[in-house]
């Protein structure tokens, strides 16, 4: 087994990977940008090496430097997490060329699946259904517009190198086409250093359902069931769960078989995800394969009992994966909510700043994978996702109720988060019934931004009290009529007077 | 004295009396029983008519940013006197139609789609700001003329920094 | 189902119960002493009512007042948690007499099992093995000493009304007998308002293994497997786990059957625990029954998937329990560590004070049931247990490794906790092999208080740096030779200078 | 200058030089590379020779209370000069054998088992303190005579409050 692993990532996923390493008695090495000097993943690691630089390009994407650090300080393997270098085939190859192990799939598998148009061709050749669209990257914008017209609007423009909604645009009519393609290319360039984009038909009433697969070097390829990821905003996943309320056992078996097949034909090894779209008639289409650990992998961990990072490490070290059977029985139900540093009330504008207070949720069935803590500075330079809450329940209802109470008890001061929005999604009757598509947020916008008048009154009352207190310069806290709390009173008054100084 | 507290979609009114060292809050002729205890870091434990809440209060300029029951509200609090003064000031001001568009977030100006002097329609893209790897398009709030552009491409801007000055087109 | 439940308790268990209520859409009412005005359980509740008073006697034990609040404000049921009123049969009866529901067993069951000597007689009458000792409460000290001599030292003196190690004394020779019996009686009086004590033979090489049982009003009585609670200090449980590394399936079935039988003969209903001692020859003896929710109930929840508080509420409302079969297959392995506000390096002296910073553990397999947060004041008046960490793993090894990493990442400033001690217990080879008795801590004292010289050096280095920095009045933070972090440097320097003001 | 840092069971020594605005820490003729960044609330991120730690430092009187790697150490730090001064002071003091027993914890005095003037043996119970529902017995540290008792039963005592003054019996 590896003695030391370098984690070429930041934030929650770096911490997540280090935790498994610790549990396996493997030394962890962090690399960090200037901005991240005080981030938890830096002091969570056993060793930490500065990369310098501020932006991703100047730091986490500098792969020669990262490989250099790994070699100099004796790390035998590199885990890329998700994003950044995780789907960079050249990087994976370079790691291998230097005699180190890349914890992920072979470079060839990344390359073929990473190029979305190549991947589509491979799937079509192997009889796995795909969504109609361009088979190649777009070179000529005018020609591309003709293709779009032929497929029929609405269409999606997607980054060939990408994932996670970056460099993606929905185009509903011909007039928006050029602006959309330019924006997508620009975003793709910034996020993946590759501006190549392609076109796909936009499937109607679609659900986004993906299958987790595991493949080891002993020839075992299995799937661990699905994740329902239809709750999306701007093509970013917001809430994920496993199992999906849509799939029958029969459909699950069929899709699972296709997922395993997809992994096999690209010579896959490690953990990977096959994303499908399922339409209103339960037809499913291969969308893309993510050749890396997925943000939402914890829901699969909760219902399977496996540690997917541990499986990745075992597989990379040439060992067999832990479990050799496909998952055909879930242990309860798990839901994940991504917490973003964004203000839902201001069109989800990024909300950078310092976290002034943090009391996270705990108790039965709650797991958190966080990358921040009180005192953390949320910067503008990286992804706004700061943490993931995962709730487990013996059934979907209990998982939802647990997630709701966890979100309500989560306290974070200093930045805005998407928590109030997430609560409204989970409270929505259609969500609770499992009746939704990827357009859920769009279509229920009005109810998702409603103001609860009772809660608003409490907020107003508290604000008014504080304002009166400040103005009147006498202590108003605690006028409880039945109160006989001698010492407690004094305490409160003393604190009040301190507060005014 | 009357206190007005407004959230984006609701308006609340409380009547207050100062009695010795206590402040009474009256609603529907009844004094509301409350006990608001500071816990530090902007956190308060509020017990109001036996109902218990954890409330976060952060005051920025004129607005309270309040978190309670997993929800968030910006709340503007004014008392009677201040409100009257403001109304007087407002009515005496001459109606200027210039509007300043400020940066809703800190970020990087990646694209400016308009020039000073041009007329644009509601919803048209004016400026593209990038932050946390996502693009944010700032659109014209209504049909208007661009009076002045205060930034240029590749500028890094702070939150609330002036971006564009507009004059509405009637 | 109940619409509103009053929780007659404080701290972590009050929050724990409220969480389940929230998940069941039941309104929660807290009652609180003056000291607890700012405790998380008060603001976690939907409603909160002051009891006044500081000590337990003046607040949480005032049951007429508590019942009065429940009636006045429309709570239909009262959950007593553990400790305080949870095993007070008169209270349970009074709740019933007022037309409310007591969430727990019938008063008669509490009474017979609550009186340890009565319980012993009942068990003996029903053929369940018990430890030799006095059958009745001690009235005459001299006579009691004769009994002690007859049974043979070492013996245990235990509070008839009690549990949790309070009012308990180990007597190793005749000379200590009188001092021990007085101390035990005094402690029993303070904790349970009942000074009655009795004597029991001290079993050698004993393991403390208990069975969780559930009984509903439909006549279903099942057990949910065992909890291993042998790791104790001063008869207080420190670490608990499920399953036990000692039990064979055969022994588990035998003990489980005895546990179910014990519950049946006392007409039990609700969740309860049968505690056994198992000696070196795998003989087991009934020790006592705890007629309430147990502190360590989470480990059973983790391996069974059930929410025991939910089961208690369902049963109290006259419904069937969720699962009707005994647990014969565990879902992995779970361990609980109790975090006490005590200083292990000062003989576990209580460590009251304010929590100045708190960053709890999270990530895969970690659950926390906490009663405190940053800013909480740990007082002298109540139990020093502030939180419980629970780790789940697919096997015992993984559960231990996860618990270790969780304890190492747990940050708490302002008070001492037992975390450094817990880490040493979990790291100990005998613990890891599952080879221990209830004397583990006593017998391995030397290794459990050893100083790791490498860690000591890091601590000394950091302290020396800070001292030099204060004296020299120049900023020494960050002398990293390869450092080119322009802006980061400045930030650090600015903060440094702020810090000195 | 030499710096001494002592934990209960180990003693460490560091050599320091001030070089421009930097302080160099030397061990075995090599400058130790370090980077200690404050995170607020007494927390520091320390990177020492590439090894990364989160360290809590709280200074109370002369002692640093340090938490690192899940462990806790009280650390006494002194430099050469201070240590020399202390040694001088110590050697000039006359040897007094009176010892004050202070309350190790805040608590309630539930029982006093001795009287002033009495002689007791090592390990004998002197006082019983109760806190957090547990009794804590304070025992005689060695054979001694009770010089003075400073508390009475039912007193609530603060941490480090004087309880009993002893004179050792030779």
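Annotations for the structure displayed:
By letter and in written order, the chains are A, B, C and D; residue numbering begins at 1 in each of them.
Heads up, the rule we're going with is that a residue touches a chain if its C-beta (ideal position, glycine included) is under 8 Å from a C-beta of that chain, and two chains touch if they have at least 3 such contacts.
Note that the structure is predicted; figures quoted are calculated from it, not measured.
The set of chains in contact with chain A as well as chain C comprises B, D. Taking each chain's centre as the average of its CA atoms, chain B and chain C sit 48 Å apart.
Distance between chain centres (mean CA atoms), chain B to chain D: 53 Å. If you average the CA atoms of chain C and of chain D, the two centres end up 31 Å from each other. Looking at chain A, residues 37, 44, 357, 374, 408-409, 480, 483, 492 sit in touch with two or more other chains. Looking at chain D, residues 37, 41, 43, 46-47, 51, 53-54 sit in touch with two or more other chains.
Taken pair by pair, the chains that touch are A-B, A-C, A-D, B-C, C-D. Looking at the complex, you find that chain A touches chain C at residues 15-16, 19-20, 22-25, 34-35, 37, 44, 50, 52, 54, 298, 301, 305-307, 322, 331-332, 357-360, 362-370, 373-374, 394, 398, 401-402, 404-405, 408-409, 480, 482-488, 492.
Contact residues on chain A toward chain D in their complex (touch as defined above): 30, 37-38, 42-49, 73, 374-375.
Residues of chain C that touch chain D in their complex: 56, 166, 179, 183, 186-187, 190-191, 234, 341, 345-347, 349-352, 356-357, 380-384, 407-411, 413-414, 416, 419-420, 423, 451-453, 455-469, 471-472, 474-481, 483, 492, 495-496, 499. Only residues 37, 39-41, 43, 45-47, 50-54 of chain D touch chain A when the two sit together in their complex.
Those residues of chain D that touch chain C in the complex are listed here as 3, 5-10, 12, 14, 16, 18, 21-25, 32-38, 41-44, 46-48, 51, 53-59, 64, 66-75, 77, 79, 104-107, 110-111, 125, 128, 130-136.
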